[in-house]
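Let me begin by presenting the structure, written as structure tokens, before commenting on it.
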Amino acid sequence: MPYAPSDPPVLTLTTGPVDAYPAVLRGLAAPVLYDYDPAFQATYERVCRKLGEIVKSETVPVLLQGEPVLALEAAAASAIGAKDVVLNLVAGVYAKGFEGWAARSGAEIVELAVPYDEVIDPAMVEAALKARPDVTVVALCHHDTPSGTINPVAEIGAIVARHGALFLVDAVSSFGGMPVDAASAHADIFVTGPNKCLGCPPALSIVGVSAKAWAKMKANPAAPRDSILSILDWEDAWRADRPFPFTPSVAEINGLEAAVDHFLAEGAERVFARHAATARACRAGIRAMGLELWAKDERFASPTATAVRTPDGVDEAALRAAVRARYGVVLSSGRGATLGRLTRIGHMGPTAQPIHAVTAVAAFGGTLAAFGRPVDVGAGVAAALASIDAG
Amino acid sequence: MPYAPSDPPVLTLTTGPVDAYPAVLRGLAAPVLYDYDPAFQATYERVCRKLGEIVKSETVPVLLQGEPVLALEAAAASAIGAKDVVLNLVAGVYAKGFEGWAARSGAEIVELAVPYDEVIDPAMVEAALKARPDVTVVALCHHDTPSGTINPVAEIGAIVARHGALFLVDAVSSFGGMPVDAASAHADIFVTGPNKCLGCPPALSIVGVSAKAWAKMKANPAAPRDSILSILDWEDAWRADRPFPFTPSVAEINGLEAAVDHFLAEGAERVFARHAATARACRAGIRAMGLELWAKDERFASPTATAVRTPDGVDEAALRAAVRARYGVVLSSGRGATLGRLTRIGHMGPTAQPIHAVTAVAAFGGTLAAFGRPVDVGAGVAAALASIDAG
Amino acid sequence: MPYAPSDPPVLTLTTGPVDAYPAVLRGLAAPVLYDYDPAFQATYERVCRKLGEIVKSETVPVLLQGEPVLALEAAAASAIGAKDVVLNLVAGVYAKGFEGWAARSGAEIVELAVPYDEVIDPAMVEAALKARPDVTVVALCHHDTPSGTINPVAEIGAIVARHGALFLVDAVSSFGGMPVDAASAHADIFVTGPNKCLGCPPALSIVGVSAKAWAKMKANPAAPRDSILSILDWEDAWRADRPFPFTPSVAEINGLEAAVDHFLAEGAERVFARHAATARACRAGIRAMGLELWAKDERFASPTATAVRTPDGVDEAALRAAVRARYGVVLSSGRGATLGRLTRIGHMGPTAQPIHAVTAVAAFGGTLAAFGRPVDVGAGVAAALASIDAG
Amino acid sequence: MPYAPSDPPVLTLTTGPVDAYPAVLRGLAAPVLYDYDPAFQATYERVCRKLGEIVKSETVPVLLQGEPVLALEAAAASAIGAKDVVLNLVAGVYAKGFEGWAARSGAEIVELAVPYDEVIDPAMVEAALKARPDVTVVALCHHDTPSGTINPVAEIGAIVARHGALFLVDAVSSFGGMPVDAASAHADIFVTGPNKCLGCPPALSIVGVSAKAWAKMKANPAAPRDSILSILDWEDAWRADRPFPFTPSVAEINGLEAAVDHFLAEGAERVFARHAATARACRAGIRAMGLELWAKDERFASPTATAVRTPDGVDEAALRAAVRARYGVVLSSGRGATLGRLTRIGHMGPTAQPIHAVTAVAAFGGTLAAFGRPVDVGAGVAAALASIDAG
């Protein structure tokens, strides 16, 4: 009774898009108001202010009307000028990819890279900034999702702050699932989105901006205006009495409010504990089956996604396809340099439930066993359960 | 018992965002699949193909992941190069606004403008192209929403086609509510969106592209790539076996499928008749109350929105606020040059029902009467009803 | 462009089922929990307790798992025994219909009836109880919906209370739309439902029960137990730690919670004012068109439904069908003795908005005019608007 | 990170209510139409006719407006008269419970009972009918859910048919999940509901009625009429041009249509295969952990629920509570005579997915292990996966 590609899956355990919380799905179905209806304008301001409690940016977060790649491209275009020197910290595919957007401004790019199964060492950043005191912007991808690794953003942020450069952080797939925010990261531009750990569909970006970053963008003559790529256009758009640069995505805003309310009602601490426990159980299960985490050191591994190194000789795409066909469980591939070399199990928002990690271990291990690999699924599941039981 | 600004309105009769069809709201609430789940990839292709039946573009329409201002900016950036000469046909605020995006390329802009209560005469286009045989791109806003007027796109399109220029049409707020499509408009780039007459929330653009337009964009070295502004990135993304340049807005795609299915089930002819009958009833009611349409000639008036000239001495913003406060009915203001000079009553998608025009006439007329204007609301409603009865 | 019977209507202005509030529709779509899941048990208790704030019954209201005809049949079967003498106050079709259920017990039925366009005079009740001091149960239909008339329940209740009989009140279509509750009505069994003015779909009953009524039901050997008709089975079922007699309608309970929250958030006073203003505007419009209310005295007319006497020679069914076909507006017929003699326009829950009364007047009047009746629709609409403006 | 009772569960794997299919939840949120709106009347008829394709009753199935206990009580009250002799086949709690309703009519009840972990042997029915040729009604519970066992309904039905008695079948929790219908069961009254394997919330009953059963009910002077307990009142109510006896549960009907469409689109064969595969995997896992099925013979075990015998010394309620607290997984207890002696894992509708059986095995086994029982969870999961792989 295999699941056909056209059959809906049973369980989506990807690194995003993830399924939305039921309350978010219902939020999306709320009546669509005119964007200038005062009731909607009040909603928009309320959502932004509530987000501010979680993002902890110096100013009320800006919503951009597209998923976070928009915000990353917009941040690069807005905050990086031709005279800037950008230190790009590269521990994975997404960080590397940011270089393309950063370079468009004509800025000089200085790269500090580590292998994609490691993370950036703060001491290296310290050294790099000493070597290049002219660095004006530092960019970091907090959770480089294609590797499932977490960089020490707070430590790096403190170093960047001392140096005085603008710190641009991509926290898209960690925010809302672990303790990270603009304040603790010392981030000047903190890019994230509701479509990962907040449990919304993809369609919006959230950008936390410091006063320093607003000033830098305003001083940048090349910063987009009258453009989908403009952050500046949206500076005051969250205020109920100010116009929108263009029509915001009303339904997605309604969904986002439901997500934020869900987060606040559950409480950050419990949300984060739920993500961490799920990832822990998943890693325990994976290792107990004799499989390797992608992260060279388990301490690098993200609480929001577990990347599993693909055993030699296994066709990763065929493996994932088989997991779906056999059990209806959907997992994520790697991207770019990690494509074909790892499989990712997401623990984000509604899927960050320890029992889902057990299910993922069973489905992934079961498929590898069916591929003829000497994988002890029973041991994997038992280890995952033991991890949950250990609390 | 006035409606407070924070109270939800009873009836949103704006020119967009409009409320969505109930089936679309439910579509938005469907489970969010992983974008690379084969079931979602099949959905995406299916939606694009069905849209192709309505858009009638030479190639399968492209979806951009933002409301249509994104598509207009992207079209200008992609299709207009530094060496182009653009004839911009300006009969309203939106057409005029396109100039800013068109000019970014460095192209020369030739403007052909008429007062904003008139429409472009095809003969003027013919003459303009004779005067400037070097024109390579012609841009037209079919329904310049801030004026509620409809330009003769098919006639103009035929002239442009004979001339050989690329024809770029903004049909955002007419498409889906009246007989207009890429084929009949001879459009090379046909920009529209689901958030007006198709009855979806704002968040996506639909772009119908001709083979000639694909070639021109590919030949343009400045055409955006690896960017939210890229159309080229999405050329084949509708195919189930091709990657997306970035994560599409899954929930909005689900909503869009519901909208397209709704349109196809009701049938284009009936959908268009419904819009036309609503606008006709609205205009009849407005005139019977002694009020003036904004359109200089009623034949210019759109079947998807009725713009009513603001009587001298009336504060248009206060008028609309009072319509909402008294009756819970939300109408649209003008924009830019028409702001404060007219009020717009939308007839789009779910609100394109003749009885809503009656309600709008009553609410609008009733408020003007309360403002001390000599408006005969009873005559207005009677005329609107008579228009419906006349079929 | 007439609406076919199979086309969805534009506006349902009936006396129930009415369309549900958008928040209720979304509530219905919440995940369906196991009824013995502690999270659902907590929801059930919470909903019943919140309802208690509105119903104001001596004990926490009981939910029966069927629309209110179930509760009426159950109340008769549970509270009326063979030795009872029931004074049935009949001012309409529904009150008359209750006799059938009451008589099944073998009790003697004493009827006090008035023409169906009048209401019960408390003095008549006083006299009837003097004449028959052996009356043990008095039954009243507060809002006899097929007539659209409201009986003076509080005054009658006070008389019944002094007499000492059990007072059984059907407040199905008035509760939630005007100030009526078990306490002010002196009701021992107060039957209502969420499917009228609370804006839910039909599927549940709400029963407020006094201590005296519980005692009487328990003392009745014929009171149903282990039956869908049992009220006794549900006495403590609202408590989270008690079992349900059978599976409650989980989704409807979820929808009901949304409705109760909506009511409490808007506030009873404002909800009632909204219903009253809508009915007032409707009556003003109807009379200004030269039509007659069904209620002999306008003071009898309900704030939740307006019954309009069918002009001589008009086929009422054809009239309503034409209102729907021409405008997409759905109205209610009479029932039983009032069938064919009146048309009802509902003002319940989400439709209790004054502007909907204006629309109803226009659609109803417009159709009568098209039927050749000398109806001045303009005057009707103007009068309805004037009523709204008068506050 | 245990789940509190008030936390929503992660996965509801009960024997009903089960969570609804996503499409059903969205169906519930459709606009609520007036029950006499022709569009709703058409929907009602369409739903009943489509159900007829699955129920395969002689006449179009009747919908009763309450969950199936209503239909069982109504069937007993309608079809069983004082002169009937009822052979009640008792293999479980629900069959035994039917006796109470059957006896109310005054009929003589002849019981044929087996232990609750066994099923009725057709030969015993044959013998019983020979012993009592005056039996006029035979009642069977196909899937006695509190035992998770399936009685051989087709064989028994053939015997009853030859005998000439009326055959009353409760197929509430098997219908839609395995091959059973009124025709193959030779059932005269086939009671089921949408709230189990069709994946709807509880609120409706479906009753398939033969011509013989209609005749018997009509001939029964005690058959309820003008009552929630009446089946006769609803005989023609499915026809779009006939009145409803009282207001049907509009939203639930909308949800039911989505469920029926889902069933028909997936196809009965595949739906049944999915249920069977899930139960098979579950049983394999349970046994591999050294646990016992409740069913004495695995061939008795239902494809829609797996009942697991509670190991000696284990507090079953505490066990289930711990499964929920540890993993967020909700299971069902026994009922009545089986309460405390078994735990049930449901495989119904949306939860009939083999991977959910794996998850259930892990959660159930993991909890037993934590209770100090020598349970090999790994072996259980491996066996469940192997069962799936074996197809």
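The chains carry the letters A, B, C and D, assigned in the order they are written, with residues numbered from 1 in each.
The definition used in the following text is that a residue touches a chain if its C-beta (ideal position, glycine included) is under 8 Å from a C-beta of that chain, and two chains touch if they have at least 3 such contacts.
If you're wondering where the values come from, they're calculated on a predicted model, not measured in any experiment.
Residue-number overlap of contact pairs with B-D passes half for only one option from A-D, A-C or A-B: A-C.
Interface comparison, C-D versus B-C: the higher number of contacting C-beta pairs is recorded for C-D.
A straight line joining the Cα centres of subunit A and subunit C is 52 Å long.
Chain centres here are Cα averages; for subunit B and subunit C they lie 44 Å apart. Inter-chain centre distance (subunit C to subunit D, centres taken as mean C-alpha positions): 34 Å. Of all residues in subunit C, those that touch two or more other chains are 25-26, 29-31. Residue ranges of subunit A in contact with subunit D, taken from their complex: 1, 10-11, 29, 270, 273-274, 277, 326-329, 353-356, 358-359, 362-363, 366, 369-370, 376-382, 385, 388-389, 391. Interface residues of subunit B facing subunit D in the complex, by the touch rule stated above, are 22-23, 25-27, 29-31. The residues of subunit C lying in touch with subunit D in their complex are 5-9, 12, 14, 16-20, 25-26, 28-39, 42, 65-67, 69-70, 73-74, 100-101, 195, 201-203, 226-229, 246-252, 255, 324, 330, 332-333.
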